[in-house]
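Note that the chains are named A, B, C and D in the order they appear, and that numbering of residues resets to 1 at the start of each chain.
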Amino acid sequence: MTIKSESVSLEDARRIIAAGEAEAASIGQPSNIAVVDAGGNLVAHVRMDGAWLGSVDISINKAFTSRAFDITTADLAEAAAPGAQFFGISGSNGGRVMIFAGGVPLRVDGRVVGAVGVSGGSGAQDQQVADAAAAGF
Amino acid sequence: MTIKSESVSLEDARRIIAAGEAEAASIGQPSNIAVVDAGGNLVAHVRMDGAWLGSVDISINKAFTSRAFDITTADLAEAAAPGAQFFGISGSNGGRVMIFAGGVPLRVDGRVVGAVGVSGGSGAQDQQVADAAAAGF
Amino acid sequence: MTIKSESVSLEDARRIIAAGEAEAASIGQPSNIAVVDAGGNLVAHVRMDGAWLGSVDISINKAFTSRAFDITTADLAEAAAPGAQFFGISGSNGGRVMIFAGGVPLRVDGRVVGAVGVSGGSGAQDQQVADAAAAGF
Amino acid sequence: MTIKSESVSLEDARRIIAAGEAEAASIGQPSNIAVVDAGGNLVAHVRMDGAWLGSVDISINKAFTSRAFDITTADLAEAAAPGAQFFGISGSNGGRVMIFAGGVPLRVDGRVVGAVGVSGGSGAQDQQVADAAAAGF
């Protein structure tokens, strides 16, 4: 018996990204925003003009991380701190696990169907933009 | 004396991707479409619903390759064939050099200001979608 | 509408490196010095005779990091410390993010047009050489 | 009993690069030129204005390859062709082995003390620039 699943579509991803962009613009912080599907694979990415080049990779991998462990990267950060139970997890998955704020799972009736990752500002800004993006879903 | 240059914006990238998507839809071949800037860094990416997962990386790296060498990946493919002058180039740049059709430089008055990469169908389809995308610029 | 930008030239890079070398020589600390352009791509690198082999990569990646996030790597170091908001960022971008002193953005009228990275001595020495190099721009 | 060796200095590398640049300029082909020492480690690199971004990595690795196997990369290309004895060697050394023209060992009395790598034009152009660079040594 196969497993039925559901996942964000490109249309969903665009709505999510648009909501994130609006928030990023409102706080004046150009950002990278990425959405992955239920399989953790990239659906869409944008780098707003002027956003950091190094944040392309980070936004995509924050989204990956949030789906990979069904958790916000802010929450994972606590568990991955020195002395905490998952310290060292950032070295797994070929360096794709991001352990700082800005990745948020996307849910339908509690089930994770994808994730969004934001990188471009402070941790608090990235979280704010990611929350707004997720709310757009 | 610094060098003046110009590069595609996110708005440009969206117009380019939209043109590519329209072409991909018209031939019934869901595709990944990516745009990089003048520095070879990702500006935007979309994976159309149903497009291959393995083509995320390929589309981004076809775009990178076209900017990295200011050439279509179809033309590079010929130069990178066994016996040709660049055979082996696909092993350079950490495996990011793609030597099959679907990457096209984006030009303004002859100067390369970015590139588009498409992956999802046959080489001929990818080229057709990439050409349509570039024409949208 | 494309984005106009500017970037360091090879001539700029040589002047920057020469200034860094003079400082490194004056403090008796052979160093690796690298300059990247506005896209984060290497423009020039030198390893002074006797400088550490392992610092080739570090100098290039300090320069990359400073451009990737428009920040000195010394400042990034604070934000990337355990408990700080970007702890874990050094695992991003394929291991290219350096979070210790010696990378400095290069600016024209406040806009980042490249970066210089220095590695070879203590953090304080690398910073001193990088500052001197940047001042040479 | 330890092994005595000799290697190119930074001063040597600069003279070699200058000779390569002069040749590249004379044929109107902006190039990346890199010099490695007897240990295969980078001594110096320049990217002439307008040279391909993707050639940064290639020039450095052509130089590495020429020293790693004490051979021109043009000669290695023949041995690494499909059906030849070293076919597949380009997959070794983490993808650093370049099997097309442009890498040339640097010798003193027949002993290899480093190598130069050039990337930016056709295979014939890269070879010509690399030969001129090596002659400058």
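Note that a contact is a pair of C-beta atoms (placed from the backbone, for glycine too) under 8 Å apart; a residue touches a chain by one contact, two chains touch by 3 or more.
Remember, predicted model here, so these are calculated numbers, not experimental data.
Ranked by separation of Cα centres from chain A, the top chain is D. Spacing of chain A relative to chain B, judged by their CA centroids, is 25 angstrom. Measuring from the averaged C-alpha position of chain A to that of chain D gives a distance of 42 Å. The distance from the centre of chain B to the centre of chain C, each centre being the mean of the chain's C-alpha atoms, comes to 30 Å.
Shared interface positions of chain B, defined as residues touching 2 or more other chains, are 3, 9, 39-41, 94. Inter-chain contacts occur between A-B, A-C, B-C, B-D, C-D.
Touching chain A in their complex are the following residues of chain B: 9-10, 13, 39, 41-49, 53, 56. Taken in their complex, chain D has these residues touching chain B: 49, 52-55, 57-58, 61, 77, 80-82, 90-91, 95, 97-101, 122-124. Interface residues of chain B, counted against chain D in their complex, comprise 3, 39-40, 64-65, 67-70, 82-83, 85-89, 91-95, 97. For chain C in complex with chain B, the residues that touch the partner chain are 1-9, 11-12, 37-41, 94, 108, 113.
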